[in-house]
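Common to both upcoming complexes is chain A, partnered first by chain B, then by chain C.
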Partner chain A sequence: MNKKLSRTPLLHTLSLSLMLAIGTAQAQTPAEQELLRRVDQLAAELAKLRTELAQLQQQAPTQPSAPAASIAALVEPAPAAQARTVLGGYAELNYNRPNNNGKDAQADLRRLVLGVQHRFDEKTKIVTEIEVEHAVASAGDPGEVAIEQAYVEHQFHPNWALRGGLFLMPMGLLNENHEPTAYYGVERNFVETAIIPSTWREGGIQLVGQLDSGWTLQAGIATGFDLNKWDAASSEGRESPLGAIHQELALARSRDLALFGAANYRGIPGLLLGASVFSGQATHSQQAASSRITLWDLHARWTPGRWDLSALYSRGSISNTAALNMPLVGSDSLIPARFDGAYLQAAYKLWEQGSYVLKPFARWERFNTASRYAELGAGLTPEASDSERVVTLGANFEFAPGVVLKADLQRFRLNKDLNRVNLGLGWSF
Partner chain B sequence: MQLQRRAQPWLGTLLEISLRHADAAAGAAALQAGFALVARLQGELSRFEPDSDIARFNALPPGQDLTLRPAAQHVLAVAAWLRNRSGGAFDISQGSGCRGWTLARGRLCKTEAGTHLDLGGIAKGYVVDRLIAQLRRAGCAWGAVNAGGDLRVFGPLPLPLYLRDEHHGGLREIGSLADGAFASSYYGPDSRSRLTGAAPGLDVQVAVAAPSALWADALCKLVALGLEGQSALLDRLRALAWTWHVDPAV
Partner chain C sequence: MRLALTTAICSVAAMAPSGAFAVDYMTAEAAAKLMFAEADRFELQDWLLDAAQLQAIAALGVKPRSARWQLRLAYKGKELLGVLVADEVLGKFELISYAVGVGADGRLRGLEILAYRESHGHEIRSAAWRKQFVGKAQGAPIKLGEDIANISGATLSCSHVTDGVKRIVTVVEQARRSGRLG
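And now, the complex of A and B:
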């Protein structure tokens, strides 16, 4: 895309030069002959450039597209020659082998996603993705089929667009860019799965702006979580409080809607700084007590030279949990009042030859899915959980554009039974 | 998935565990583990078990305290909460000293001589909740535990509810239960259940549905007493209650 845009002014310049030259084509002095020779040379170069441009435009729909951006779709006008309908997708196959419990080793087609993006005109398009997890989805199998995205985007201004439908929430570094080629490690990081419930999507309306200053602004109103789904007898809420109560627009309770906003700055080459917030009521008038869920994050990514450095902090809170938890006393998992997590990650492009790229990385994470509980009374208030800390060391090896092999080791500080070796294969197009 | 059921005499009643598991062998192991859990909890909570926390408390002289195991600590914390919010109507001392015990930092202290505790009005519900949690962790797709009228169910299949007609015999279906708890009790001249503080001649059957069996079990007593402020307490605990005042002549 950048190549096409950068050549456009050059073409204009050449065309103007040609027009001026033709105006003096009848002259025959030596100087004029030299001028005509140069005009001919420029015309030949122009024809060559036009040929190259046509070739680029023909190749554009089949070129590997940027992960997520191809499907999540940035706000930009469509060149007239771009295909109206684009098929995309990604997949990840993972192998996990616990160090101390080899019998629990598992291989899984974690997910396969197909996406279709169709552009009705230069301003309006739809983006859809359908996902199958764990290879087989049936009554007797663990898999599931889900729609990850299904929205319409209309660009009503060169910098602004509106989205409506089911879309990914603009939070953190991973949620909107969750393809296996877009992150390091076989598994997605814990902070952006246990705290930010990636892949997290809601139904609603979103305003998206890409300003010339480098800011991307997103805000909107959407469906939110449903605390009535909290299953205190299950461990799901301890693994991911919001993952246990998200609705994914499946007959979603929507008495209460949520507001969200995100701001990301890319004005300095190689640097991304961003923040986001989501907040909404979550009991939908189904209980005597009402409760608000708020989640926010700060994130940064810096890619100086061969380095790729990331940092993120996210915190969630659920209000009025004392009233909500009292009826659940006696169960395993009460609703936490607060949960949070952070990670630091460094990757380095160690080796590159042709399409082969090797990027070792290291990641440190700390997360706590129940860092505080509301006071219920003596003996009834659950103890806050200890924070888990995970160190991941590994490498991504890209052997073709959009195809990646991954391997890593993970060490857990609290639950050492989870220490494991992971291998993965992923692709995105 | 086939239904697997076992019943054994525990907690002074017949305790039945039913489950459905994709792996029948794992289901059988879950049943076995379930009754092992019941045996352990009865050993910690029953006043008839000499080594239980409750029996050890009952044997304490006034002014002494003891460290509780987690199960007793949890049940007594709930009992204290209910005692305070019911003005002492929820009384696990059964009149021997409603305020004769205190619980602080996991230690149970006897503050009045003669105070004896009996968790018969709350412990069965707690045990049912623990069993359900264990069945969930064992990977059961569906499960139900019934401890003599203290019932809890999880999973996709609702369970029909029947109440025994205490005066005329027989059963009557009153609905079905899914992902919740239900407890019923009969308090009358000939009933096994005793209700401290009840009016003379009380003859009532009560039922409570709640998110957990612990609350459903405990609230039965308060509902039978017809306490003032009972509705607010039920709302707070997301519970529903039914009462049948029995007229034997009808």
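And now, the complex of A and C:
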């Protein structure tokens, strides 16, 4: 113990001596002198800058800058910092005037939709849309209020996302892109309303893949149709068989769920090729006979330069309708075994100036909401319907991005009484 | 039927290419290295357009988003190869981050989507769509439905990114003429 203590003071003394020696030496090293020289140099440069600044201040009054207002007018406002909650919406106001029955002319706020999208984080968001049709919904008025979309989307991979909730079925060209600014004509085409019941949504789970090759793949499981809702006394089923029995997550019968899938290819700029299919049982064990409803479509859209060309074919089938129709014999609307339709459309950007864009278009379509009935026996089987053919000629006139004025003529081949002039005003944001 | 579809879904999922795990696909730095692979260094330069320059840009029918721009200059030795500008535009609801590369000759080197958050329209990231921009200079229309083809279902995203590219090409051309890139 004593030996250790006696060593410590000696070590301290030695280290202190060494430090002092080093310190003394450093005070005189060339490095120190170099640092001092640099400090002097910086001081000189600072003085020079101070002089230049004084000169600039003297010159400033002689160079008046442009007024701030004129600069502001030249600059487009930058997008706001990423908002977590975004509002959107669209609306359609239509005027329909039958040529031969002016007394049946009708004006309608067909629909007004408000959407809210909220992003929780980089991977997760909700998408919602609420719709009011025909302006007023009450016991004494013809309108209705509906939820069009209400789903959560979670991106679990850069190319893949999952959706859960009430979402649009990925079918046709119109169903997922149905704002008035997204289609030509005052009314949506008949094929995508009578055959594909746009706007068509169901509740379920959907996998969405956006592959780098240009493919968009969608598949999932969802609520389907309810054939128990078929009202044989109503004309609704003849206007749109599936529109009469879709459930859209309104206390939806879910004993049987449906599978759906869609593939769209956009790998060539300006071209879209796609196909979709939806299939599910539709009686939910409520009837002795089970019945499967299947709907599929093929579609294409090509936009070379100023042209916008589209084509679509869709077909639906309902199985085992003989057993379901037997008790309904004699009613106005029996359940069809098959229904289909097709359309061709061409539009051209004829004129553009500033925010004004004029796009005339022509559309030909054929559709049949009951192209076949199941055999019920001699004298009992209804006759298949004839196909209706409609030609629509008109123009979309955009006068601001997202606002469109429309006018068109529609000629029906079978139901000539429906020939009409349509005017429309729509917006989307 | 169900089993077949399920199997198809699984096999399709297996085909998915691997990549960064986010809707952010790329940084501006990575885009710069991609478009100017031969560069050995990059230099950030802030540029404030004056009123005359803003008016010159507006006269070409382009509304500059801001008077202040950040240019990422790509050099090989002392030679300037070009400039990269990162920017953002709205898709339909959410912001799209993108980067535009312009060569020292004023021609577009490329377009990269840095982040995309919309539910639809990811196809603007496809190489085929972005390739349409390569080689164009200020004189080209760079306009959707003219020399840039649309992607059906992603019209707003295509339109706004196309407008953004034209804006950047015009701004960079002003920088060239004013000697900022000399």
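Please note the rule applied: the second predicted complex is superposed on the first by the 348 of 429 C-alpha atoms of A that agree within 3 Å, B and C clash if a C-alpha of one lies under 4 Å from a C-alpha of the other, contacts with A are read in each partner's own complex, and residues count from 1 in each chain.
Here, a residue touches a chain if its C-beta (ideal position, glycine included) is under 8 Å from a C-beta of that chain, and two chains touch if they have at least 3 such contacts.
All of these numbers come straight from a predicted model, not from anything done at the bench.
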Overlay on chain A: chain C relative to chain B, clash or fit: fit
Comparing chain C with chain B, which touches more residues belonging to chain A? C
Touching A:Leu380, do we find chain B (first), chain C (second), both, or neither? first
I'd like to know which partner A:Gly280 touches here: chain B for first, chain C for second, both or neither. neither
Contacts for A:Val329 in the overlay, against chain B (first) and chain C (second): which applies, first, second, both or neither? first
Looking at the overlay, does A:Gly316 come into contact with chain B only (first), chain C only (second), both, or neither? neither
Please indicate which partner A:Thr216 is in contact with in the superposed arrangement: first for chain B, second for chain C, both, or neither. second
Of the two partner chains, chain B (first) and chain C (second), which one does A:Gly88 touch, if any: first, second, both, or neither? second
Which superposed partner A:Arg301 touches (first chain B, second chain C, both, neither): second
In Å, how small is the closest CA gap from chain B to chain C once the two complexes are overlaid? 28
Which residues, counting only chain A, touch chain B once they are in their complex? 140, 232-235, 287-288, 323, 326-332, 377-380
Would you mind writing out the residues of chain B in touch with chain A in their complex? 22, 73-74, 76-78, 80-81, 103-104, 106, 125-126, 129, 132-133, 136-137, 154, 210-215, 235-239
Using the touch definition up top, name the residues of chain A that touch chain C in the complex. 65-66, 70-71, 74-79, 82, 86, 88, 117, 119, 122-123, 125, 127, 153, 155, 157-161, 173, 176-177, 182, 207-214, 216-217, 219, 259, 261, 264, 266-272, 279, 301, 303-306, 349
Residue set of chain C touching chain A in the complex reads 1-2, 5, 8-9, 12-13, 15-17, 19-25, 50-51, 54-55, 57-58, 63-67, 88-90, 92-95, 117, 119-120, 122-123, 125-129, 132, 145-146, 148-155
